[in-house]
Every structure is written in structure tokens, then in C-alpha cells.
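One structure, pasted below without further comment.
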């Protein structure tokens, strides 16, 4: 038999997989956006302060997105994190003011978030209620509890000015807001959990197919309870950062983050269907979502048009992302449109 | 908890006692009594839907039974603590018929999931896993050419390639009982030969196997004993030496005719 | 005309509008600010926070980063979170002024640099509404009243607390209900809730709220609960179209007129006057009192243009 | 061979499937809730007005839920319907006021919604962007457009009082609000589409597995574009009902419906994963979600506790639903908890 | 658009001309030339991953090719208008190897999806579909006892039962070309016999078939011609009459050895 067929391209290792940097498409989209903003609003985007403000305001939302990335990797969803932001923020503010013990407050906030997570995890994994519906329910409950406890009052935490906790969680290091370092730290940890730890691998298999996960010996109940607990704890931590950043607790805090934190994950390229997820994508997704509004306002777009332009840029970014990620799809599309003509 | 230390001596690697499984009103298994010796290759045969897969899923902790007892290495099993994980620890290895591979995951994860090589903090030694996976792929499974390596995801593999991966995984983890649920399904001839060789090696190395297969020629040639399941019950225990392949085929076809007659 | 001959030519101002574009208690402020900007030739950049205090702070940071000439902030987050940020702005020579909710401490500190205030005094505004209700509806001691407000929203809830306080002080038995996030976003959902409450308390004499759009849905709830105009004394806020209709049909008794247009116009003026002439901050209470159906009638043409 | 094994229970037809009324569990939950409300608030729930007000306010949200049921059956999601409510509501109000042609306005509203749907469908099916992310983007865009077009102004449509359109879409028939009949009509049509029409079957297969759908010869592109168009058109219709009901248009209308309409679908028992859906479930789900708040207020709960109780009842309803739907799960749970002890 | 009227006379039911398919950099098919006569049973054999499934997916409109032409009933096919639907209309019927059943859907939907029996408004005649489905289940497939009827969902079926459903579907819709991709996979003996009978009936009724199968005994006995695929190319065209089963087996094993030698 001739051996010509053997010469057909059959690369021993997939060279693209190796060369492919995780999240590269979204990173490109991010820099294209920055480029556009610099082009349209150089007075704002060529100076440090706007970046400084992003580095202060984006971290809490980013930490939520990172946690959500794990949740979505496992094929689940969590819509209760705004309630965690409200309740844990209150716990932090309350403990800080009542016992003058901000570190204890931090603990209380994280524990409170974790508690919400445990309850969610129990209802989802053990009782078997789909996460998308039950976390709406628990979200009502816990944000109700937060309002009852706080009486709907705002609290200021001025007393924390100059304290260690404020310096460490929300000061500056080399002129860069420390929140940014915390968010980066969480991102690195979450990346390692997802890509290098047994727990993360279990989440990926659970998200891929719960049946397969069971068959290969993964305790899908325990892992999912752990997952929601972790998500809750991260929410608690984000709540403290948010509260410290403003040195005040607002009872409505976190409400506006529901869509943005989710959008950050999905724009980053994580699939809704579970089984795959990109932490780098969520990281840059959070940056993009966090700066979109302010960037467009800075370019001088007027009032009512801001939302329209945000929508346009958002859609364009997603399409660009798809285009870079999978050029074949675009070619196929061209072919299809062309063949119709 | 039973003393199921793998190193004890024992008569039966696994023994089921009046095992029954029901899915709602469907009784998939009724009062199964089955014992597998230390070094016995048992062929499990029967019609589609007879309950073969359900039986081995129960033996390996995937499905909890409705009633009945299980003994592993002659020690009773506590159902509350029995799980796939526990079966792995007890050195049971299974190739399930339905998909048991994470479609979107790379092969190096699929080989080791549930039994990752980790450091003491639970972090996976990716390079090591990847290296071993590549070795299994190239040496044991002989995947050449087509561009499949440890980083390929299962979704890209052809039907036969997937089956090969699942078998490779079972071959790699040394076990005392190996359960194969239609392992040659969709495999090309040479691959089929490898699987049959593998089953022979199980026997030679002194271990036990349960082998489910519709190709009677294969089981008849390999098994020490054939167990015939019919609609959830064991209806025959046959030594291949006592019955030729042709007779066995006739026997099974007759069995089905009886059923049709009885059902009518 | 070239804007260069206008007083505010070359100036840029960031302006916190409060809710979302087009929300009834934001629009007149926006129109006022735009009109002033046009008249004075100043470049206006609007920010919307959906009434979220932390977003207001975030957006102030972003405004600061753009180094404009002036920034208008809203007082909802309170003095404390703004303190260091305003100090930073003042250091850079940016004129900061406040609206909608007062920030007295900052006003004290920076009045000389043009820190002014244009808006209501929330608690007092609520009390004013309560007083008008008591007068118009002859409410007496022991009468049952519902105050349906955004109590869970920190400072923004102060107007509702003021209203409740005003009614309680007059000896009424006041129930409070909190406006949930869903209702806040979609006030039509308030209707069955109010119907349920009225049915539960058939002897109810008064309903108060300081949420603009919920105000506009009270007439519908009253109709569905089988109440006649005037049977229940209703005190609300703002002049959404349906509120005006309610005032005309007498389902709504009084409404607090915050004169949101002024809350938009005045801060822009403040900015220009301070930047050009160094004038100090002015403090204007834009909500001196309530309107009734008769008064609204003659304002109608203006209201239709969003000037109220 | 003995023929005893043949005597084992092997029902020729699954009697449960036949006897099982679609959505029975959620119907039971609904009546349990009504029972509770009557028990705790007889003065309110034994009289007509509260039901009348439900029948007026629930229909728009219910129509959205019914459309979403189809979308979710196909394994997709649509988060842009609040934007449809805003834009279509504006179109209706604008055409009605400018040309004094409310029926034309109705048409414009439905066409506007359908247009949004076509754009969504194109981006999702042809470009291949996941629906959860792209509908967030288009939602910004279109609600921005609505604000720009309306100039942020609210409109009253008092002039429609007593007109035919008002009577037909939002009057009363035999003392029952006509909205209720329209919602019921949409429910019946959607039920037939999903369960009896070719299009619905295609949606179910697409939701089950897009790969399988392609292989059995379903045009997954065209069907998904049709799906989103239908969803948009239903949103347009809901917008008109809402605007007529209030006899006024305000640009933020629909924003509060995002979570409620989704919750109605999921509480009704439709799975997030696509491939199965229950229209009856969504119907009763919408009723439950629509009456929860008011029902709890009627029982005399006041102040900040309302939200807490809403959360509790919500979670309890979901757990009850699961329990009725699949008693085996509860038994299994008992066994598991018991065996641990 | 080609005149592909099924009632015209023609020489080849389907003919591929230099057909190539690539997935990214993986070339699954290279320059395939293949013609199937009006009443020819062609057995397609080859290693796992050789490209057999890809070839039939291209012939039936599931995968568009990267290059090449296709002729159906001697008429060229316009790729832009070719689809699974179109292939159905052209009376091609396929049992795919991978799952082609909607897991969560009842069997009566699975039988008719894509070709529902509807009234003129597109509403499905559920009772009729259900009746026919039950008939197929009971008569043709002989599903008795286990409680499977037209309302059962696929998710509950055993592996073999699923395969049976897919074949039953293809058997019901009368076609001129029937393509079977490893149809006996996971079937019990009696079921396997039925499939082989079915293939024989295809031949007898004057229609054509492409039959992919790893069990050489089956294809060798049934096919008029065997086409051997190897890594995306056709490497042999064999008439079973010219080569015994044993020789065929040796030939294929040799082929694989050559590859290994060349790859090393």
C-alpha cells in the first residue's frame, strides 16, 4: 500500500492549544476598548486618576465574578450574592461599630456569607432544587433579614480611617489601591482552584455532566455545598471591601451588581452550560464591564445616548470576542451570507 | 464498617445476596444472588434491558439497591458508606457502558479524575498526569497520527476512540476486580483484539473480572462461567466447557421465544 | 451662535442626575440642567446612579478623574464617604456643589469655594406633606394611615420617615410598608399590594408616599379597592402625568412639589457664577410646599414640557 | 425455564404518565397558597377586589413568562424583554398620540418587539453568541433607544378612556378584566405551539441537544430566529396591555419584571437546561409570583418583615413543589439524613 | 437546483467526487471518490477515527465539506441548499452512530421529528403518531414487557434499546438509500439478527445501502463491495467474493502494521 496518505497533516501535538493564551481574545477586546477610550477621551484616559478610580471601584464586583465563574463552571448559578453584599456589609458595619472590632467584623461578614452559601448549597445539592430558582428565593429572604437588622439605615465607619484594616484592605501600596491587589490575589487563587486543584476539576466534571461526575467517583453533593459556601464567603469579603471603600454601609449596596457581575463572567467567555470556564476571561470581563459606563461618559456622549452607546459597544465587544476566538465561525458566516446572494 | 482490607485472603471478591433494584415501578433487578471468585472471569449475558448494566452499577456504588446485601471480600458492605469512591478504594475498576467521560475535559483529566495525583494540599500534578496520560495513549492504546494527545478533549474523539480511553483508564489502575460493560462496542478489529488480550491478562495475573458482552463468541471463549440475566433475574449459570457456542446461541434464542410465548 | 460669548463658555461640569434616564423624578432635573447649560454655554456631562449611594460615590470618583471645572453631587451617601473625595476635588480647584439631599458639613467647609445646595430637606419635606394631608383631609387622632415608602434605602428614606412622623405626631395610627426593589423599578406592581392593604384595613383614612411613581399609581389602587375620590386622603410627591390626572380627579389630595427643574438649573448656575466671579455657595430649598389639583391645572403646559 | 419472572410487575403502559395532569404539583402549591391567604387574611381574600387587581396586574408579566417558557424550552434565555416593554410601550403611546391611531400603535408595538427579537435571533443563531450575554447587550441598546425617542418623557393616554381598544384589551367582560382573557388566550396558544405544533417540537429538540436537532433535520438557525421573534412580539403585546392598564407610558416600565417573569417560569417547573417545559406550570407560576407580595401584606405583615416572609414562602413553595413532583426524592433524603445519624 | 426527482432513472444513487473535510487542522477526509449503485450494498470499514462517520455525515447534509462535489441520482448537488432535510426529501435515511435521539423527548416524537404528520397548519396529529410509534415498537422492534411505549422518554432506555429505536425509525421511512453507522453496536443477538435481516431486505427490495460495521463477519457476508478507509482516504475496494473473511482480516491487520511502521 502506498504510504502517501501518511504524509497528510497530522500534527502530533496540537500546536494551537499550546500557543493559546487563556483568555487572549477578551484581552485583545479589552485593549481595543482602552485604545478607543484613549482616542476619544485622551484628557481622561491618558491620566492616572481614572485608572485609580477603576482600581478602587471594580474589585468588589470582580471578586463576585470570580466566584461566579466557579459556580457557572459547575453548571449552576447564584443570584443571591446581592443579598450577601447587603447582609455581610451590615454584619461588618455592625460588629465594627458595636464591638469596635473590625477584624471580627470581617470574620462575621465572611461567616455570614458562607452561611448563606451553605443554605443555598443544601437546598440545591441535597433537596435538589435548581439553583436559579432557589437563589432568587433565598436572596429575598436574606436581603429582608439585612433590612430588618439594619432598619434600613446607613452607617458610617469613619472611625476606621487610619486603622490597620482600612490600610490593609483599602489603602494604597506604591500608589496603587490595595483593593486591586486583593482582587488580583483572589483571581490567582480562583485560577489555581479551578485549573490545578482537585476541587476545581470536580466542579468542571460536575458541570460537564453530573451523571459522569457521579460515575467517576465525585461526591457531587459535598462538592456543590462547598462551592456555594465558597461563593458566599467571597461575597462576604467583597461586601467588606465595598463597605470599607466608602467607609459607609448602605442598605441598598450590591443591588446594582447582579447583572454586571454576571455579564462580566459571560462576556469573558465562560459558557452558561458549565464544564468549561475561564478565570482570566472573567478578570478582564469585570474590567470591561466596570469601565464601560465611565469610559463612554468620559468621551462626552450626552445623557440619553449613553445607554445606547453602552449597548452598542457591549454588543460589538461580544461579537469581536467571538470573531477573535473562532475566526472559522466568521468565515462560515460570510460563506453562508454570500451563498444566499 | 467492614474490614475490607484488600490484602486479607478471601473466597469471593464480591457476592450479592438477594439484591433488588427498582426504578419507580420498573423492577430492573429481582433477588440477584451472585458470587464472583478471586480469580474468576464471569461473562454476563442477556437481552437488551435485562438489567446487566444495572447490576454492575449496583456492585460499584453508582446505584443504591432497593433491598439486598453485598459482600466484598466476604465482608458485608454498609450501603450508607458505599460509593464509587469506596469501590475504587476497594480496588474495583469499571468501564461503564454509558458515557463516563467528561466531554469537554482534556484526556489527562479524564484519566485521573476521582483519583488525581496531587500534592498534600490537593493541587494536581498536571505535568505528571499529562505525561502518564500521553504514555497510556501512545503505548497502551497506540493512538498515533490523528493528532490526539493528553490535551485533546473527549468531544473531538470518534466513538471507538472514546471506548479506548475508558478502557485505558481501567487498565492503568491496577485492580482486583475489573468490570467491563460491553467494552468492544464500536471498536475496530485490532482494538477488539487488545481488549480480549487484556481480559486474558486479568485472568493470568490472578484477578477477577465481570465481562458483559453481546458477542457470544467473545464471552464464550474467555469466560470461566456465563451468567444469563433475563428481565432482572438470573435464569442460567453455564460453564462454557459444558455447552458449545452454537448450543449457547440456540439456548438464548429459545429463551427469548419462550418469553414471547409466555407474554402472548 | 458661537458659545464663546456666553458666560460659561469653556467650562465643563459633571452632574449627578440621580435615578435613571427618564425616570420621573430625574427628568425635570435633567431638563433644568440642560437648559441652564445651553443658556450659559457650558459643557454638561450627566451621570445616572439608579439612586444607589455607592454608585454615586463611584461616579464622583470617575468625575474627579476627568478633572472638570465643576461637579454636582447628591447627598444620599452622606457627608462621610464624600469627605476625602471632596477635599481632593477642592484641592484641585474643582467647584463641588450638592443637590437633592443636603450635605451640611461639606457646605460649612467649602461654602466659600462655591459649595451650595439646591433641593429639599427630606425629613422636612415629608412633614410638610403630612401637614398638608392633615389639613386637607381633616385627619384626626386615631385615624388609620398607611405610609408606603422606600424605608430601606438609607437617606433617601428620610422623606418617608418625615411623612410618617408628621402623621404620627398628629395622633394617627400609622402602618408602614416598605417599597420593594421590584416595585421601585416597576411601580405598577404596587397596585395589588395597596389593594390588599386597603382591604385588610377597611377603615383606612390616609395613604402617604414620597416615591414619585408609586404616587401616580395610588388612584388606580383606590379605584380597584372600590374607594371614591376624596374618601381617602392621599399625599404624594412629584408631578408624573398620572399624578396630575389623580390630582385633577381628586384621588390624590396633595403632592409635594420639589421643583426638580430648579434642582437641575441652579447647580449649573452655581458653577458658572463661582468659576467666573468667585461667588459663594447658595442654599435653596426648592420644595417649599405642596400642590393640589387646582394649582396643577394652571401649571399644566409647563409640566408637559418637563418643567416642574 | 420457569415463567415466574414474567409475572413481575411490568405495566404495558405507564399508568402514571397518563394519569398525570401537566403542572399538577404547581397547581397544588397554588391552591395551598390561596388556602393559606384565605386562612390568614379572610377579610381580603374572601372578597373580589384583590382578585380583580391580580387579574389586572398579572397578565403582562404572565404573557412574558409564557414567551420565556418557549425560549427556555429551546435551551436559550432572553433578558431583553424589559427593553421591549419600554420600547414597544413607547411606540404604542407615540403612535396613539401622534396619529390618534391606537390600533396602528398596537401593530407598531408588536412589530417593534418582533424587530428586537429578529436582531436577537440573528446574533444568537447566525453569529453564534450565547443568548444570555447578547440579550443583556441588546437590552441596554434598545432601552437606550426608547429613552432617546421618548426624550425620557412619560405620556398619559387618558384620551383612550372609553375607546374600543381600551375596552377590548383592558375593559371587563362579565365583570372580569379582559386582560385576564388575553393572558389565558396566549397561554392556550403557547401550549398548543409547544405541545402540538411542529415548531414547538423543534424547539424541544433544539433545547434537548442542538446536535441531535441538526441531525434529525431541524433548521436550528431558522427556528431559533423565529423563536426570538415570537418572544419579541409577545413582549410588544404585553407592553401594550401594561400601557393601557395604566393609561400612561413611563420610560422605566418593565424594569421590575426581569426577575419576576423568570421566576414564574422556573417556579412553574420548567428546567433551565432546555428540552422540557411546562406551559401550565408557567401559568400558575406567574399567578403565584404575582400574588405573593400582596398576599403577604394582606395577612397583616408590615414594615421590613414583608420581604423576609416573601423569601420564606417562596422557598417553601419551591420545596413543596419538588416534594409533590417527586416524592421519591424526599424519601431518599430522609433515608440519607437518617443513615447519617 | 438539480433535477433530483427520485423517480428518474439513474446509475448512481450517490457519487462523491474529490470530497474533503477538515476540522481545523485535522483532515478527516481527503479526496474521496466514491459511487454507490442503485441497488448496491457497500460496506464501509476502517480503523477507529478513519473518517467513516464523517463521510456519511457529509453525504447526508450534516457536515458541509471543505471541498469536492456530490452527485445524487447523477445530478450535482448545490451545497448551499443541501441539508439533512433535503437528504430526507431525496429519500436518504440514516442511522447515525452518535446519539440522534432527543433524550428528554417521548418516543413518538423521536420517531417523527423532522417529518411530523401534521395538519395543514403544522399541528401534529399526536394520536396518529403515537399509534404508529406503538406499532413500530411492538411489531417491528418487539419491545415487550419492560414497560416501554410511545410515551417513554429516551433517557430511560438501555443502550441497546436506543439503538433499536434509531433503526426502527429508519426502517419505517421507506428510502432509496439507507445508511447504517455501526447499527448493531450494543445489540443483543436476536436484535443483531433483525438488523442483518433488514439489510438483506434492503438489497432484495432493490434499494441501496451503506453499512459501516467493525464486525467483519457481518459486512463480509452482506456487502456487495467493501470500501476500506484509512486516515481519511480510500485505500481499497474489495469484492467479498474475491477475498475470504480470514484474508480480509489479515489484510486489515497488515494495513495497520504498515501504518505503525511508517509512523515510527
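Order of writing sets the chain letters: A, B, C, D and E. Residues in each chain are counted from 1.
Assume a contact is a pair of C-beta atoms (placed from the backbone, for glycine too) under 8 Å apart; a residue touches a chain by one contact, two chains touch by 3 or more.
None of these values were measured; they are calculated from a predicted model.
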Measuring between mean CA coordinates, which chain is farthest from chain A?
E
Of C-D and D-E, whichever chain pair has more C-beta contact pairs
C-D
Farthest chain relative to chain B (centres taken as mean CA coordinates)
C
Take the average of all CA coordinates in chain A, do the same for chain D, and state the distance between these two points in whole angstrom.
28
For chain C and chain E, let me know how many angstrom lie between their CA-based centres, rounded off.
71
Rounded to a whole Å, what is the gap between the Cα centroids of chain D and chain E?
41
If you look at chain C, which of its residues touch at least two other chains?
21-22, 30, 151-152, 178, 181
Going through chain E residue by residue, note those that touch at least 2 other chains and give them in order.
25-26, 98, 145-147, 231, 259, 263
Give me the residue numbers in chain D that touch at least two other chains, ranges are fine.
6, 10-11, 14, 144, 147, 151-152, 259, 304, 306-307, 310
Counting only contacts in the complex, chain C reaches chain D at residues 20-24, 26-27, 30, 151-152, 175-178, 180-189, 191-193, 195-197, 199-200, 202, 213, 216-217, 220-221, 224-226, 240-242, 244-245, 306
Parts of chain D lying in touch with chain A, wherever the complex brings them together
77, 123, 126-130, 132-134, 136-145, 147-148, 151-152, 259, 262-263, 266-267, 271-272, 304-312, 314-315, 318-319, 322, 326, 329, 333, 336
Residues on chain E engaged by chain B in the complex (per definition of touch)
23, 25-26, 46-50, 53, 97-98, 142, 144-148, 156-161, 164, 182, 185-192, 214-216, 231, 249, 252-253, 256, 259-260, 263
Mind listing the chain C positions that touch chain A in their complex?
17, 21-22, 30, 34, 43-48, 50-55, 57-59, 61-62, 64-67, 77-78, 80-81, 151-155, 157, 178, 181
State the interface residues of chain B toward chain A in the complex, per the touch definition above.
62, 83-85, 87-88, 96, 98-105, 109, 113-116, 118, 121-124, 126, 145-147, 149, 151-152
